[in-house]
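Would you mind keeping the following structure in view while I ask a few things?
In this document, chain identifiers A, B, C and D correspond to the written order of the chains, with residue numbering beginning at 1 in each.
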Amino acid sequence: MLKVGIIGATGYVGAELLRLLLNHPKVKVEAISSVSYEGEEISSIYKNFYGVTNLICENQYEVIKKCDVIYAALPHGLSEEIAELVFKGNKVLIDLGADFRLENEEDYKTWYGKDYKFKDLHKESIYALPEFNRDKIKDSKIIANPGCYPTSIELGLMPLLKNSLIKTDNIICDSKSGATGAGRGLTLKSHYPELNENFSPYGIGSHRHTPEIEECLSKIADEKVQVTFTPHLLPINRGIVSTIYCSPKSKNVNLEKLHKLYSEFYKNEAFINVLPLGETASIKEVKHTNFCNISLHLNHRKDGIIIVSAIDNMIKGAAGQAIQNMNIVFGFEETEGLKLISFGN
Amino acid sequence: MLKVGIIGATGYVGAELLRLLLNHPKVKVEAISSVSYEGEEISSIYKNFYGVTNLICENQYEVIKKCDVIYAALPHGLSEEIAELVFKGNKVLIDLGADFRLENEEDYKTWYGKDYKFKDLHKESIYALPEFNRDKIKDSKIIANPGCYPTSIELGLMPLLKNSLIKTDNIICDSKSGATGAGRGLTLKSHYPELNENFSPYGIGSHRHTPEIEECLSKIADEKVQVTFTPHLLPINRGIVSTIYCSPKSKNVNLEKLHKLYSEFYKNEAFINVLPLGETASIKEVKHTNFCNISLHLNHRKDGIIIVSAIDNMIKGAAGQAIQNMNIVFGFEETEGLKLISFGN
Amino acid sequence: MLKVGIIGATGYVGAELLRLLLNHPKVKVEAISSVSYEGEEISSIYKNFYGVTNLICENQYEVIKKCDVIYAALPHGLSEEIAELVFKGNKVLIDLGADFRLENEEDYKTWYGKDYKFKDLHKESIYALPEFNRDKIKDSKIIANPGCYPTSIELGLMPLLKNSLIKTDNIICDSKSGATGAGRGLTLKSHYPELNENFSPYGIGSHRHTPEIEECLSKIADEKVQVTFTPHLLPINRGIVSTIYCSPKSKNVNLEKLHKLYSEFYKNEAFINVLPLGETASIKEVKHTNFCNISLHLNHRKDGIIIVSAIDNMIKGAAGQAIQNMNIVFGFEETEGLKLISFGN
Amino acid sequence: MLKVGIIGATGYVGAELLRLLLNHPKVKVEAISSVSYEGEEISSIYKNFYGVTNLICENQYEVIKKCDVIYAALPHGLSEEIAELVFKGNKVLIDLGADFRLENEEDYKTWYGKDYKFKDLHKESIYALPEFNRDKIKDSKIIANPGCYPTSIELGLMPLLKNSLIKTDNIICDSKSGATGAGRGLTLKSHYPELNENFSPYGIGSHRHTPEIEECLSKIADEKVQVTFTPHLLPINRGIVSTIYCSPKSKNVNLEKLHKLYSEFYKNEAFINVLPLGETASIKEVKHTNFCNISLHLNHRKDGIIIVSAIDNMIKGAAGQAIQNMNIVFGFEETEGLKLISFGN
């Protein structure tokens, strides 16, 4: 059994990792850590673990020492130091934060207001979107797990961009996410009577996933891709739908051909469902799973393409994709521990 | 007291009209009708009226006979005949359906699959968006109340289009609506366990509000305006947020100037709130009111404008705007019966 | 116009008072206060007031000075001092907190852990449940507005207790409330992802509304009444349903007679709806109104009575009842400012 | 691999069974049936199965023919005929409907309005609540899976009744269930805008789970037990909380002793969590799992016991318990296929 540990186990992403890893047949969760709850049983903080596990929150150095694979689910700026230790120890880090997602350090400075502390480590790290660069992930020891919104958008656009079929100067990405995406920290915005029966965009023109989306899409397209990205907060717990608007380079768009292209492109992917034409991706079917469902549409003039991409922000958008990446690195079946099926409610 | 009546009082829009009109100081609800519930007390169908009113559903001819103003809240195709009778009777019809919204009969045929039966009546009717054409509404007897999505989008774009500041070949309108918009008819889509904790677009490229939006925006702009309109279904009861993406004609967009333009444009409007820069319109503040809240934003490159427009789909998007139109026709204070304040929950 | 003010205007109850009082035809909101937001516009804190009012939060002494009627919506322990000032000033205090609700000071000590500071004031105050003691309210200057749960339970049981029809040693009151009842303060319990799709009792055997319920029911019955009261937190914003279980003294319970008794008892009450037999009170019809809907039932053996009582916790359970009490004190029509109709969504 | 089949696979319970059985390591879902959708792929009806299974709905006779274990998730009155066929074929039926739950045929007639057709079969069947009668389940071929509400109540009361510690003449069971419990059939009550933000009891004094609860509790207590059972409909998808009120026979109730009793009683049960004193059972922790969480409380006078019992109505209240019963019959590990952990959102 592979020994795995979670640093930051008491945030929503950390707790979701724990939930999934406890049922993964090839690993044993050896240690977890939490700054806020060091010394406490995880089952006293997340009571869903009552009767399930007796794990106690330790400090992060114990986790690094005891485990072969270390998951870090931390606010940005806290993973580099961990990466340094893990890398020196010849272990594997799967980072669910933002510290290793951007290759372009200038962008990191601009959007996160910080410099890289361990510049060399960034050369060792890989932005790990399995459906895009599975081969490179295999050989990496610092795995930068993509953000939730970026995952939904990048998977939605990959076949079009790989084939240079759309204009890249301004793709509109209108994304909507459930409330777990905003984390467990208390804010008025996530106070129940404020969010319930409410809906709104936020962070317009300033959300930190923007440079990540543009950098990854540019790599996929092998040319500069610019997006307008607007996130919205949904009054639900889980799930992201991205409605993506793009313009075909050619005037004649054929929806059947497009559908065939996507179906071919993703035919060997266990977690991507290209829905039959006429259907529309929604949160219901992907919730509590590692699936990304994609549906394809045209606008009423048939001159614009609309892609709808749906994931569970906590799974394919975070913990599930992280485990998928671990499965790749260690040569496990890619679906190991991730054979999750949604009921939709 | 003006005698008013409601045809189709047992749909959600009809019941909302009744609720608001019962508290309007200048009118008396004289009669209501319902095909499905003729002869029954409205308080036995909508129990919120228990202890409030004893009105009984009659047939539509009684309503027309007894009232000075007739509201019709019916599926499309059923209002023309009513309009004919009301017009002959020299009374006022406020139609909340689609029959009189489109000036272009070809579009009506294309999108609704029907011809106009009483072509002359359509010359007498007016598409009644008060903030756009209040003066024409005053003199009309067949008032076509705008659709809910169109109201949010048209109010959001009017100042820009009136001043020819944006490109008109493809404005992206990504709209999200609460479930009352889909009506009281039972469908799997609106079955609680299916919609709750779910979210998705629907009717992509085919929603019937599309030609209405394009026709009205084209009138506002005095040139052909093309949109891509995508509605989504929110797991909440009420409210619409439209996130609207457009490209300025000039390269240099100044958000402060834009804000000033909007503030000036709407300064005399009782129901339009142009929010301070830095704030974002949301459903919470407009819910249960006749307000349309608008906020203005730029994308991160500062080369794209994003407008967020929020209304209550049942009030400014239907019953409230219909009453506002009645107030205009009869010379009442425009806010009469509509001094509604949201608590946001 | 009567000059009214609100101390504690930025809590949920205070903001709801403001919302309702702004539309009350006989009063003018002259001043509001908030410790946390002194000097700020209420519309910058509660954005639903944007475009509605320019009131600025002052301190409580300004409110007392400027107004004839002072509403206090504060945590317990803070109203006595205000009452002292208001009473000296020969003005009227309507207190929405707990300080003046209990006649029995021992109970106050036991449940709230404090002594009364101004004992004499308590002789001047009245527990103000209009349907129980309207006459005494008329002559009072310190009005203790009942708690939300107690209102639903006391109104549900009053006809039975007044007529000595049930056993009083252990009435089971199983109550469920929406999340606004827990206020605007941030807690993990009210964090959206925690409360959404969740449900649970809380404060079993220890909720502070217990002595209030027992004291008022005992006065109604003119004998000692004991209850078991269990509150639950519903994942909705507003509304309380109390399901009340009691045992008739006589073996033969006749539901029709019971219904007649209730209907007679409440026939002149504007805000109490005794529902027809066969119907069940629910939150939908009372939400956003000052109504209390009551339905009557028997268990399957016909030897136990079940009463269902539904109110909006923010209106009949707080702000609405406070205004009703003001209307009584000042001889206004009791429904003035409270002609609210629910749409149910 | 054991061949299992589901009759009635397109109801919510049937689909949940399918979801869980597809991941059960000891079984293969060989066939499913549906009257309404015969011939259609399940993935076109429940789109969460898209990309997961290609199973097609057949008719029930095919299911019986092909499988060793047959699950029936049908409305009452339809399982007896199936049981007859399954029994003759020497196979195992796990019935999730009501046909075999009541030993007392008179009660079945009274509450369901029907006679038993195959009386002898009822002698072969067992009411299968594993924590009560695991040994008898082992030897049965007709397994009557308990109802959802009864499961929560019976597990909550078992230790008290087995030890004759409480009065049995009138136990108050106030239960609240999520909307999946009402099934997939369209009704106004489950129409999204009607149920959302609403809450109410239903079926007071007449719910068909009442005789099942009384019969099972009487067997547990070995004396006649009478309850008052009131179900309520929660605006959430899944989960039941039962708040149970009972009176101790002895005056001196000791909560610590009670807790010890429960902890001992259930110490070997994999799916029962007796929560530490001071905690309260809620839906969050049991949702999407086969757990029943139980918490123990006293009222404020310390003379009444309050038990809170929480389950997922679709899992421990239906599909999960049915699989648990199969595991018992076939000697599998009882938790096989049921190692489910809630995230609580």
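Just so it is clear, a residue touches a chain if its C-beta (ideal position, glycine included) is under 8 Å from a C-beta of that chain, and two chains touch if they have at least 3 such contacts.
Just so it is clear, the structure is predicted and the values come from calculations on it, not from any experiment.
Any chain touching chain C that also touches chain D appears here: A, B. Compared on C-beta pairs in contact, A-B and B-C come out with A-B as the pair having more. In whole angstrom, the spacing between the mean C-alpha positions of chain A and chain C is 47. Chain A and chain B, compared by their mean Cα positions, are separated by 38 Å.
Chain B and chain C have Cα centroids lying 36 Å from one another.
Along chain D, residues 12, 180, 193, 196-197, 235-238, 284, 344-345 each make contact with two or more other chains.
If you check the complex, the residues on chain A that touch chain C are 12, 178-180, 184, 186-188, 190-193, 195-197, 235-237.
On chain C, the positions that touch chain D within their shared complex are 170, 172, 174, 176, 193-194, 196-202, 204-206, 210, 226, 228-230, 232, 234-239, 241, 243, 245, 247, 280-284, 287, 297-304, 306, 308, 310, 344-345. By the touch rule above, chain B contacts chain C in their complex via residues 15-16, 19, 22-23, 46-52, 180, 197, 237-238, 273, 275, 279, 284-285, 288-289, 291, 293, 314, 339, 341-345.
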